[in-house]
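Okay, structure first, notes after.
Per-chain residue numbering starts at 1, and chain names A, B, C and D are given in the order in which the chains are listed.
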């Protein structure tokens, strides 16, 4: 299995996260290069993560040791950078938006199609969120019948004052657009955006919140609330209403299903499901600490002390009486 | 940053999971060798994951290209294998139990201490579970005052009929032992195990469920229900009761806090918190698919279609009217 | 304090419930007469509840011993019966709809206004539901800022096949109309009703579910899903989105508030809040049983046994040891 | 159906609540007399609720126009007052404790038994709480198999500094004693009370919280946390663990059931279940207001406005277009 050498264009907040992710949390990948208009920032990140900084993003895309590219640059440079990726045959994970307007996006689609090889993935990350994935599996299973309606809520705590009404559609609602297309596996044919009297906690002229209605080719509908100055926190919810029940995600509880006279969540059958993430983190942190020559978890003493308590527990199980734990003196042993 | 070469001893269910984890989900690690009494099984896993199978576990531990070891072998061989790891100076992640009894566990502790270097980590994975970690952070913050009592529940759907009363203490309750020691940062000095009339859905003579009370050196207490034939599923819960409120985990909702007249959960401030796992999975799966020469996520068409819907949305935002989405004919474009 | 003598017109399902309610669960009221086209049914209910049956509803309304009237008759006879109530100066609780159309309803309003005395209450019972009341109090308190949007969901398990698309508006959505008017304390000025492709589990031609958008005079909006063949059960939810948070009811948990970085519910300060309904039911059932010469609750033996356990508990509190409960032999005592 | 004339002994907080309850919220009962050492307080309550004050509680019990008695007096006078009730053949609802110790309680039991007629009900009000009732019904149905263990939590926000360790057993834990006896329909044969290091937010020497274990004759067990200075609020929870699942109440959500791989709550089939309390309150408040000559609910205008919105809604349903609501000018009509 070969290792994928990744270059990242744009290391602002999102790109820096991706750089860290590729370098430290992703199996089978190596971060080799980063590029950013802020050259200092690029160099700092490169140095910390064992990569190199390249001034010109097109040079990074063309570099021989870059197998694949992540675009976390601003949307208005995507078109040019995507065409460069296509030209060099480099697979690319492009943060949304693909480009700044539908027409240029269609040019990208056509160019990739002409190439005869799919190289571009768009960063609609919700399709990888375990809750959304579980929701889609449930809907696709047909268990609840045909899906009729989605209710979506998308809230940010606050956004900068430069965030205008149009950006609410373009940068926030766009995620709901993709969710509706993906969950229904259908195209949206009509959209209505309505705005109530806006919250007072927003710049003059910004229409926030917004209510949208999506109509899909097959007759399904999705409504959406986007509210980017909710003050409370970041919240994304989706309830899918189907013929025999509904399923909701985004409550932080996994999929909440209303079906068969009950509202509930699934209890996993197995500890491997419940603690899978714990095992992943345990092993990742053990590897990281071991490489640093350190120990970053429960020690042999913890194993010994647990054994001593369990031995006392077994005696208590047999007698029903409280049993004192005979533990060696830690200072004497480890002193 | 060097790559850690890992060998795994024991590739039953748990060890096979760990092999997969090291090979495919862990950054900075490579699986180089596996060992198992079932030689065929070891060879199959090795072949699939690009490692080699070694018949003798002690040979694996000693191998020059094995930097660190994961022990997922049965508990009764741990002592010998741990001593081998210490002898060869190999860091080791040892699934619980450390050894089969407190006395031999203490020998391991002493041997490691004599070595002057901590090499052994015990596989109490709950310490890495995000919910337990958040619980510990909250308790350690002092926000709720001193922690007074833990209520723990540990339930399995079912266990094999060979699972006896003693194993409930040794293999299940032992996790609660570690949780109590870890959360209180204190030793357990006394334990009482009591058993109600057992469930009828269990082999004759097996005492299930069991109720335990742990008393800690500092005066705190923890009670525990272990019920390994609960029929419903796997469930681990912990409520920590402190002077100014309580915090519960294991409900699948993050930390539920009772404090200040409210029972609630935190809403994240930021999309990076909410979707961190989605981003991690997105990038891991993009890397995996790219290495295979495939695409496994939203395509350029998805990016284009979203842009087309948003453009219509912007028009609707301006007019308040429904707007048809002008989408190119997919078949014509991608024919 | 005088007792109110109530007559009920229409004792179908709803009216029969009201008859029972007035006769057996309402303080300060007495059921004196019922009327129904099904004379047999009226007589049966009257006999059981100590009232008399009157064939002609207008005669019931005029009867000297009827102080006040509940109309649970079909909507198309409401207008005539309401005018009769006004004529005889009888206070009336009228199940919705007030009348069959807006014009006739306006005639009723005008007639009552001419009388100079408000006699008519409409049966929008949600205004008395503890969850809706708590929601309104929270919104009116201003704690969350101005309310911007309501999201309403109204679902029935199933409805009879005679239930047509228009009835979904008239009989179901009408409750959401009142809720929006009441919570916002404002009039609805515009309404849009949209229908996705209907569920297959409904008669041909019935548009179910329906999505509505209400626009209020002050600029607020409310969206509504009505789905009367949801298959799962009866569910009414309302989330009010305000400038500084949201509040949701109908989840069966009291008001769920998203505010200040937390999603949560209130914990009552006092046992009288938590158990108020228990006390009410305890006393009502004690009164009912006592009138029948029976006992319908915990007995003196229950009081004695609790005392015996507490005495043993006090000894255990002092010693920390298990204490046997010394209970008299029940058969010997109560033989 | 005759009306029960009730006298109340002791009108402190609890007794005053009961007086109000009997006078204003209970069907078929009338408050005729109250008695309290604080004669002024008794007179004030009597005057307000249309009853008379009687100085001597034994005189109240003996009074010819008192059919039945509620004892809300301090526990130490219960024995004498209960004997008086028995002597006069008066049914009595006695707040817990029955008497101050097991021996005197047994005397009461014996005296009632000798009388050959059950007159005494003890005020364990939880048996009337809808959640506890639903829990008992579920357990008694056998759906979850035999009940094995109860976990109980009983927390108060705070208690007066005069509340000593013994009162935690006698006045708080006693409710859990009754719950365990009632839910298991069995006697408690052994009790252990253990105390962790107490919270610092309590008077010196008070052991709070307390952990108890009840053992029942049939082999079941119940554990209990009582914590009367929890600071957060009043919280009573009970989880019953049975052979095929568990059921929890006290979360403010109805019965939460873990069974069949799901954790969930029931969705009612019918609006009459969901809004029963709303209907009860609607009618009670309509009766109360009508007696006062007032209107205390939605008016005819509300009925008219709803009709006008629904008419516009029906037009929108037919056309899919927004429709303006044609509402009469309120001031013109009602001016």
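To be clear about the criterion, a residue touches a chain if its C-beta (ideal position, glycine included) is under 8 Å from a C-beta of that chain, and two chains touch if they have at least 3 such contacts.
Which chain is which protein? Per UniProt: A, B, C, D = Inositol 2-dehydrogenase.
Quick caveat, the model's predicted, so the values are computed rather than measured.
When you average the Cα atoms of each chain and compare centres, the chain farthest from chain C (Inositol 2-dehydrogenase) turns out to be B. Annotation: A-C is the more contact-rich of the chain pairs B-C and A-C, by number of C-beta pairs in contact. Taking the mean of the C-alpha atoms as each chain's centre, chain B (Inositol 2-dehydrogenase) and chain C (Inositol 2-dehydrogenase) sit 47 Å apart. Centre to centre, using the average C-alpha position, chain A (Inositol 2-dehydrogenase) and chain B (Inositol 2-dehydrogenase) are separated by 20 Å.
In whole angstrom, the spacing between the mean C-alpha positions of chain A (Inositol 2-dehydrogenase) and chain C (Inositol 2-dehydrogenase) is 43. In chain C (Inositol 2-dehydrogenase), the residues touching two or more other chains are 194, 213, 215, 232-233, 235, 252, 258, 261-263, 265-267, 269.
Residue ranges on chain A (Inositol 2-dehydrogenase) touching chain D (Inositol 2-dehydrogenase), taken from their complex, read 258, 261-267, 269. Contact residues of chain B (Inositol 2-dehydrogenase) toward chain D (Inositol 2-dehydrogenase) in the complex are 145-146, 148-149, 151, 153, 194, 196-201, 209, 211, 213, 215, 218-221, 223, 225, 227, 230-233, 235, 241, 243-246, 252, 258-263.
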